[in-house]
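Shared chain: chain A. Partners: chain B in the first complex, chain C in the second.
Up next is the complex of A and B:
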């Protein structure tokens, strides 16, 4: 069944990407854990964690590509779904600290003791159970997206107006999560995590495990995204992107399609956030910052929107550049990022993957200089050829 | 269930935009399996009439009924398309980034919900139907090409093919011959006559040769209401019609 789903959409680049992710999920932990530090192929733990973080960003970029690249919804608030997933994971990790916190309260996290709270707020119940926390990491962003999308798409808010309200959504959440009485740690957020599923969160093995989980989650996200975009539903999404009102006149309820892909995308972003938090060790309201969502848009644009593989490449490359810049030339990073966005918009509208595709096409044409057939015929030639065909009939 | 004799029934329909009356007390009937041509100068309300029928624009007043029982003013575009009203736009609007075949696949009559399309599977009957349509619109050899690469005339034909794929009872066709060569125009008229044997068709057109080739009853619109109705010869000898439209 899954195979049938995928058969149409698994092109060369996507198969390579899936293979790479699965290989990385196995090889990187092995090279980190099994080889001694002196070995030339040893992967240091800080690099494992850094790459794991990039992969969660890549999953966020993939989720964004699903709505922006395939349905034309430019979300400037996708980091909100990412952060919500992160908070769900953070709440689980807080409950795992137990008596090891500064105040040693077996139930209440440190910040609640500090605020003189007497008991756990009801919305923290159940977060000591990992499966429940993971369910919420998917359900909370999914529900927010569903409610937001229900109103926005039904009222036919599109284009730049929709982008602006997604930005407002993430900004509103930023302000809300800053408040101490929200019960999510306010300004400081959630941190000082000790262990996850009983494993020490600082240990090499746990970090390698989290890396593998991120790589596999990204591979799984890619499979789902390929299945969605290769199905007839995917064709309807592209139809909505290119000619929304035409799609309506064909009898499709455009708002239902948008709501479907928007909610799926938000849940994917939530999963990315849940994997991100244990690797960076903190979640705070800063993750809701509008700039984060905009950065995610840049990753997608750089890699190539509407390609699925492109945003993964874009997220990893841009974040690699960011890590390098913020270490070597910290004051220039924002200029470099802005310049990159302008450059891609002007000269690489289809991103890195689009560039590679058109280069491959040109190469193929060079190799077979005269291919007779329809590809070489221009539309006007076709039109010119047609009246005679009709006369012959 | 007895079927209504008139498939489409418009009575006293008015629409105004910022005080400008685009439709003014328009009344208009289309019978079952009838083809009707609509002519009229620019701004006569031809496109607004199609917008009102297909649910894009709500009328300020008036009655719109489809098949005698459905009140079209109470439904939106997607529902109206589901009742069996298909529309071809003045400017050919196809899905440019998808193949000719996929354009027809999207239009093909089938469940329209997101879960139905997510789990959709092509079957033999649908493939055969698309092959037939490709033959009808003479785009068989271009089925894998992107719709955006077609010539203007071919896009018009693809859009007509998409209309047929929906299998509507009523087809609203806005300027099908625009931008076509004489041979293409003649072939389009043949195709529409063929379609009208089993469907009701409303054609808006400026090209008089084309309207003559259709050989059907003509309605002349002017300032949002019906100025004259009858055969092309009848309306073109009408002095009012000559004054506002043909004579200019």
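Up next is the complex of A and C:
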């Protein structure tokens, strides 16, 4: 069944991307661990971690593309799901510290000892068990998205209004997690992690493993996204994006479709966050900042919304540029990012992938000039040609 | 002519002060002569002048630090310095040289005189010519519950003409009576007086009585506490409302421009907060110019800053509209992204030009200070901002309802294509509306520069709140924005006391998210065909 979905959705670019991700998951750890440092093909550990971080961002971008590119829901709060997943992982890692913390308390994390808490709050129970923590990393964002979406989609909150309240959601969470009383480390968040599943979190092997996990998670996310978008459900989603009222009049329960893809997307973002935290070694309320969510949107836009492969490319490229700029020209990063927002929306509405596609098409047309009526457009090109109108009032 | 009259008045004032000065000095010098009885008469006479400048000398007398010079009987406050004494003028307290041990002689006092001096000191400040000083003196007695002050208070009350000061004195007297050994009847009256005062001090004083040894007073004290608490509850409510109005007016200023652009173009301008910031920085620049060119007219800097900020922000807004937004027509979500990009660029530009730190923006004199209504302290800058917000709102309302441009704007808001068909140049309306909305954000920046830090991040801190107001109030309706701003402001301030500032904000956000579910288009939604494209 799934295979049939896939065969419909797995176009050339997506196959290449999947192959690349799987190859990276195998090759990069090998090049990092097996080759001596002097070898020209050796991948240094910091690069592995950095790329692993990019891949988790790419997963977030993919999740965002699923709702924005295919369902027309511009979420300005996806960082909230990302951060919730991250906090779930962070809580597991905190419990793993055990007596190695500054205060040496076997149960309580350092910040709780510091705040004079006597016992673990109930919502910290179970986080010493890895599978449970991973379950929560998916379930917490999923549940939040489900409840939020249930209300929002049923009341037909759409377009700009929806974007604004997703932003309000992540802002409210930002404020909430800043509070010490919440029991998530307040301002400082969770950090000082020691090991994950018994492996030292600083060691090269663990980092390579986390990279591989990120690459495979991203590949898995891509397969799921392809399966969803290529299915009949995916076609309905595109219909919702392009003409929500019309789809509703045709008899589809629009809100159910939206809720499904919204929740799946949030869980994907949560998984990305859970993989992100052990690689950067900290999670704090800053991850909830509305600016982060908006930045994630630009990754999708740069790569090309509604293409699934595009957001992955966009996330990696933009973050690579960010790393380079903040090291070389820190003053100019915001100029570059701001300019990117403006440039992409004005001149590159289909993103890099869309640009490549239209270039390829033009090339093909040059080669065989007289074939009228052969113009078949893929769904993503339709999207580019006829942008979302559901929010146009 | 006026100048001449003023000059005369000033001169006369100086002369008067001079004569009072001489008079007081003569009386102080007279302390040096005669025995204890004579000294007591002089102390009473000094007390009767009610001149607070005599207080240091009397205190020194009581402490035994008041000496007179043998040669001319002039009186000084004296400190031991080495083998001699350092002399201080008893009125001006300036150092006037030193004297040997034999040149000056101490004015002797006994315990009876010390009591007289204490009473005199109380009386002195209680009779100071400045009503504020008298109130301060009375309040000091109230806090100290100084039993010895009852008599000077009685005397001062008899002479007092200012009703406000008299009230403070009666309260001080009541507080003193409660601490004294006077009969229960007097104390009951005192409790009534203090209950009428109704503030926190009164409450703590009464709590002391109700837990005190005198059981006869307990009932009265408890009843009085209940009364005070009721009064305080009312004042707390009033305070919350005032703070809420103040916050609401800030929100209104920040959001109203956003409401217009959103209403007309269906575009959320993410760079709106940066327009506010540009306005604040324009104020800073204008003030810097004033500081260097014409510091004496500094109070007028804000009046110049208003149109300047309107122009700067408005022109930037028009540039954004012409340069970016018009190409993104019918793609509101992408406009949101592009304007976000613009906001980043503006922020970083300001950071590069002015630096990342806060800039110093001064308050003109008419905006500094505060006044009190009952137990409510109202600062002038907050008051002016409330007034200013309402003025801006009114002007905008009139502009929308009574001008041709306003008519066009409303027409385009309701039905863009129909308006275009009727001959309205919608691109022009778009550009001007965007300029107007941004310009208003600019003048909001002028106001906010008075109460907030002027930094490149200024806009960021208001943008989400502004969205909330617009989304809550509904699009294309200025009244909705007004109501939204004040509702959110007041709700926030009422939640703060028992939820804390952060939790209050979270609760308000959650409330808005839920509210949007109920009314997806805000409080005042457009009806009819405009609702869904």
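The working rule: the second predicted complex is superposed on the first by the 371 of 393 C-alpha atoms of A that agree within 3 Å, B and C clash if a C-alpha of one lies under 4 Å from a C-alpha of the other, contacts with A are read in each partner's own complex, and residues count from 1 in each chain.
As a convention for this text, a residue touches a chain if its C-beta (ideal position, glycine included) is under 8 Å from a C-beta of that chain, and two chains touch if they have at least 3 such contacts.
Keep in mind the model is a prediction, meaning the values are calculated, not measured.
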item: Touched partner set for A:151, first chain B, second chain C, both or neither; value: second
item: Partner chain(s) touched by A:253 [first = chain B, second = chain C, both, neither]; value: first
item: Contacts of A:345 with chain B and chain C, given as first, second, both or neither; value: second
item: Which partner, chain B or chain C, touches more chain A residues; value: C
item: Chain B versus chain C as contact partner of A:169, first or second or both or neither; value: second
item: First, second, both or neither for A:334, with chain B first and chain C second; value: second
item: Partner chain in contact with A:159 - chain B first, chain C second, else both or neither; value: second
item: Which of chain B and chain C A:297 touches, first, second, both or neither; value: second
item: Shared chain A contacts, counted only where both chain B and chain C touch the same residue; value: 245, 387, 389, 391
item: Residues of chain A touching chain B in the complex; value: 4, 228, 231-233, 235-236, 238-239, 242-243, 245-254, 256-257, 260, 374, 379-380, 382-383, 386-387, 389-391
item: Interface residues, chain C side, partner chain A - complex; value: 262, 266-268, 270, 324, 327-328, 330-338, 340-345, 347-349, 351-352, 464, 467-468, 471, 502-503, 505-506, 509-510, 512-514, 516-518, 520-521, 530-533
item: Residue numbers on chain B that touch chain A, as the complex places them; value: 54, 56, 76-78, 81-82, 86-87, 89, 93-98, 102, 105-107, 112-114, 117-121, 138, 141-142, 145, 149-154, 162, 166, 181, 183-184, 187
item: In the complex, chain A residues that touch chain C; value: 74, 148, 151-152, 154-161, 163-165, 167-169, 171-172, 175-176, 178-179, 245, 290, 294, 297-298, 301, 331-332, 334-335, 337-342, 344-346, 349, 387-389, 391-393
